[in-house]
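As structure tokens, the structure follows; a few thoughts come after it.
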């Protein structure tokens, strides 16, 4: 495995690098997830005219720690009629892939566990494994709400993977590489400007994949109680919770990497830029969650297949044509053209997009 | 190729985040689609009608607080109006105005919860309901100021109200009336045009006009189906004939119409409050009514337009100090009759919002 | 779903929520920060004025729950009723205030206090001594205008929210 | 203002169409016998000029000798109202014809009366207890239930 961006004076070679970064990633993910939990609760609370957690530590920053301790001390309940092995295995299967995504996320130039040359493909592949864990949880719980939630999750992930991957391909075409650090290095202009439509599609699809509002159907508390983790408690529940926020973190990080030029930015140190951008993306996710209601399952499907999928295909084709036809064109012209194309396409689709489903005669 | 699926039964409730109390829908699902539904309730049955037979006429008023606990003032009002009709007791002018003020404030408070809970059921994570609870809190402050409690007011009495409002009440109410329309505008900005909400609520759970009348629906549910029927207008009780207000109606009878009708009614209530504040006369608030009231033998049906619909009290008196029979026509219970017709064929997510859009209060359904 | 408004509805909603970032929260931090309750609060526990009470038992009759128990005897020398037993089981009390309103001699008051939770059900039964006023058992102004004017004014949420419009 | 229709007028109309159906007519209400209840109810609902399309409330009162079931009828079209009563004797298994087929609004209310008062309604699609659980002994709103 090639390590082109590994600093040459790095002591100890590959295994030291590996060990250090595993620890860094683990600590980073845990710390960021806890920070995100706190951040989401605080930001949301303020937007809802209240204060949010403010008891544990200054501004309540230690609230996630307190929650974690509470959750760890809780009794672990397994439904009597549930499938015990699968029930036990599910949180692990759901959580580990989330952690593994960060192996290829570059925190700054060279700060990466494994700069795979197929990095983004790896991300797409690994992130889907979480779904298996969630379906296992839904199945093993022997609870109808859990099963409904798990089925919703599988349906939505299977559908949304396609527009998400298609919009990633646009980025890959521009960067000419599947490696995440190469993609960042290729972004002299952030790809959000070169690929505005791709960004929109990826963001919507990403929100749907990580089950963030308005696509949080699988744990829609007002409909199916808590979805797949209805029957989970204690540490296993905590793992699902971590997985959920870890996914949110991962999506924020990948959006940052693919579209917001990753760690690159003036003045501030690169890792800080990276964190700021991740935080910004996450704030937008939280902000949307605070505002909008939830879509219905058939609307979710219709949105994926009728709205996102055709637009993603068109976006891909346009990107390919641009790259082939005007390889020498000024980037800023392309930016303007692409934004115009995005506006036209979105308006056009908004006009003609009709939702399927509704009442079913029974 | 048709997929063969096996229907399965899910109990939605009695302990479920969005059944608004202990309501249970025994739903048969085919995938996500509800093919059959049976409402089950009675978990909160306290036998208020039976208890009332052993209370004095005044002693029943605290019981009515506990019917629809989101609109206690309206329940108080309906009950005392029925007793006054039975015993032919006159009410001083100021008391009438105070009653109307309280009833309209209560209507706003109840609709705020109804709309907030409905939007919460739609999945807008807590934001609308928290904004609306904020405004409801202001109303509860006013109620607390007048009656001393925030939920079970026990404010109305046969022949008036329990005591006059304190002097700081009127300026506070004036301020509330001034700020409230702005907040209602804000709710509208927040979600009224939201595409997702439109997609979720428009055309969902349609209650046709004929069916709405046939199942004796009342209140916003009936009006959303396009029937212009508001007891405040068609059978004015108390002093509602002195105020100018409109009856908002819907056109289709879907969830969105019910939501809009409630929002419009809040605006109309603010309008009534404004007029009542201007007209409020000074004077007594309670006429002389014997402590142990003995109404003449007879029976009476008194009804008002409560926030949830037509709230009626059927009273039979045998000239003793306790009602011989008290029957409560609970709007929540009767509006639920159409639930099955509205839900079947929709998905689980729709069932929840259809149920939320009816706006029931289990204290009133089960009694 | 149909985006005939091109997402303007969603954008409007997003504007409302983001504007709330700049507003003050409306909640209070309860144990540290306390609001003044209504002057007419029907708070926990009745307060009984031993001197004014004549033992007429109007309160007991007016109680819808049958919570109040009064036993009186006739005192020979003073020619009036002596209250032997005055017992209120606050576990049954619904704090409707009808007894206070009914009292013809203004001898019974609603309590001004809240936070009077007890550890044992037995402690909820208040007898003669337990009903007397004390430092933490102040009478409320419910149906007692004379007391009402001495109490501090209620804090209103209406006065606290700073909404720029 | 919802007009309470003149009882004599309607009573005579009913008597004309269904001789012997009126047991008693007070100034406020008509008491019909239980055999002709359904016919009278559908007459009231469908006759032009009466059009009682809205069943406001049903309730039952226990008078020891008999149960009186009270129907509050309203016409949304003409904004008038009428109180129709019927009596059923016997405490063991009193029955009445159901009006659910005319007004679906009677559905839960008749079940409620059955549950709490013990009057069963013939022709009701789902005559079972509504508030109390199946197997509950007695009917609590009866005056002899302690």
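Order as written gives the chain letters A, B, C and D; numbering starts at 1 within each chain.
The rule is simple: a residue touches a chain if its C-beta (ideal position, glycine included) is under 8 Å from a C-beta of that chain, and two chains touch if they have at least 3 such contacts.
Remember, it's a predicted structure, so these values are computed and weren't measured experimentally.
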Fill in: Most centrally placed chain - per-chain CA mean versus overall CA mean
B
Worksheet item: What is the distance, in whole Å, between the centres of subunit C and subunit D, each centre taken as the mean of its C-alpha atoms?
Response: 43
Worksheet, complete the sentence: In whole angstrom, the CA-centroid distance of subunit B from subunit D equals 26
Worksheet entry | Inter-centroid spacing, subunit C versus subunit A (mean Cα positions, whole Å) | 51
Worksheet entry | In subunit B, residues with contacts to at least two other chains | 127, 134, 190-191, 194, 196-197, 199
Practice prompt. Spell out, as numbers or ranges, the residues of subunit A touching 2 or more other chains.
Written response: 47-50, 290-292, 295, 299, 355
Worksheet item: What are all the touching pairs of chains?
Response: A-B, A-C, B-C, B-D
Worksheet item: What does subunit B use to touch subunit D in their complex?
Response: 41-42, 45, 47, 49-50, 211, 213-217, 227, 229, 231, 234-236, 299, 301, 303, 310, 312, 314, 316, 324-325, 327, 329, 333-334, 336-338, 366-367
Discussion item. For a test of understanding, state which residues of subunit D touch subunit B in their complex under the given definition.
Written reply: 1-2, 28, 53-57, 59, 61-62, 70, 72, 76, 79, 83, 103-109, 112, 116, 129-133, 140-141
Practice prompt. State the interface residues of subunit C toward subunit B in the complex, per the touch definition above.
Written response: 1-3, 5, 7-10, 12-13, 15-17, 26, 37-42, 58, 61-64, 94-98, 101-102, 110, 140, 142-143, 148, 153-154, 156-159, 161, 163, 165
Discussion item. List the residues on subunit A that touch subunit B in their complex, please.
Written reply: 44, 47-50, 144-145, 148, 213-214, 216-217, 220-225, 289-299, 355, 357-362
Worksheet item: So in the complex, which bits of subunit A are touching subunit C?
Response: 43, 45-51, 54, 287-288, 290-292, 295, 299, 302-303, 346-347, 349-351, 353-355
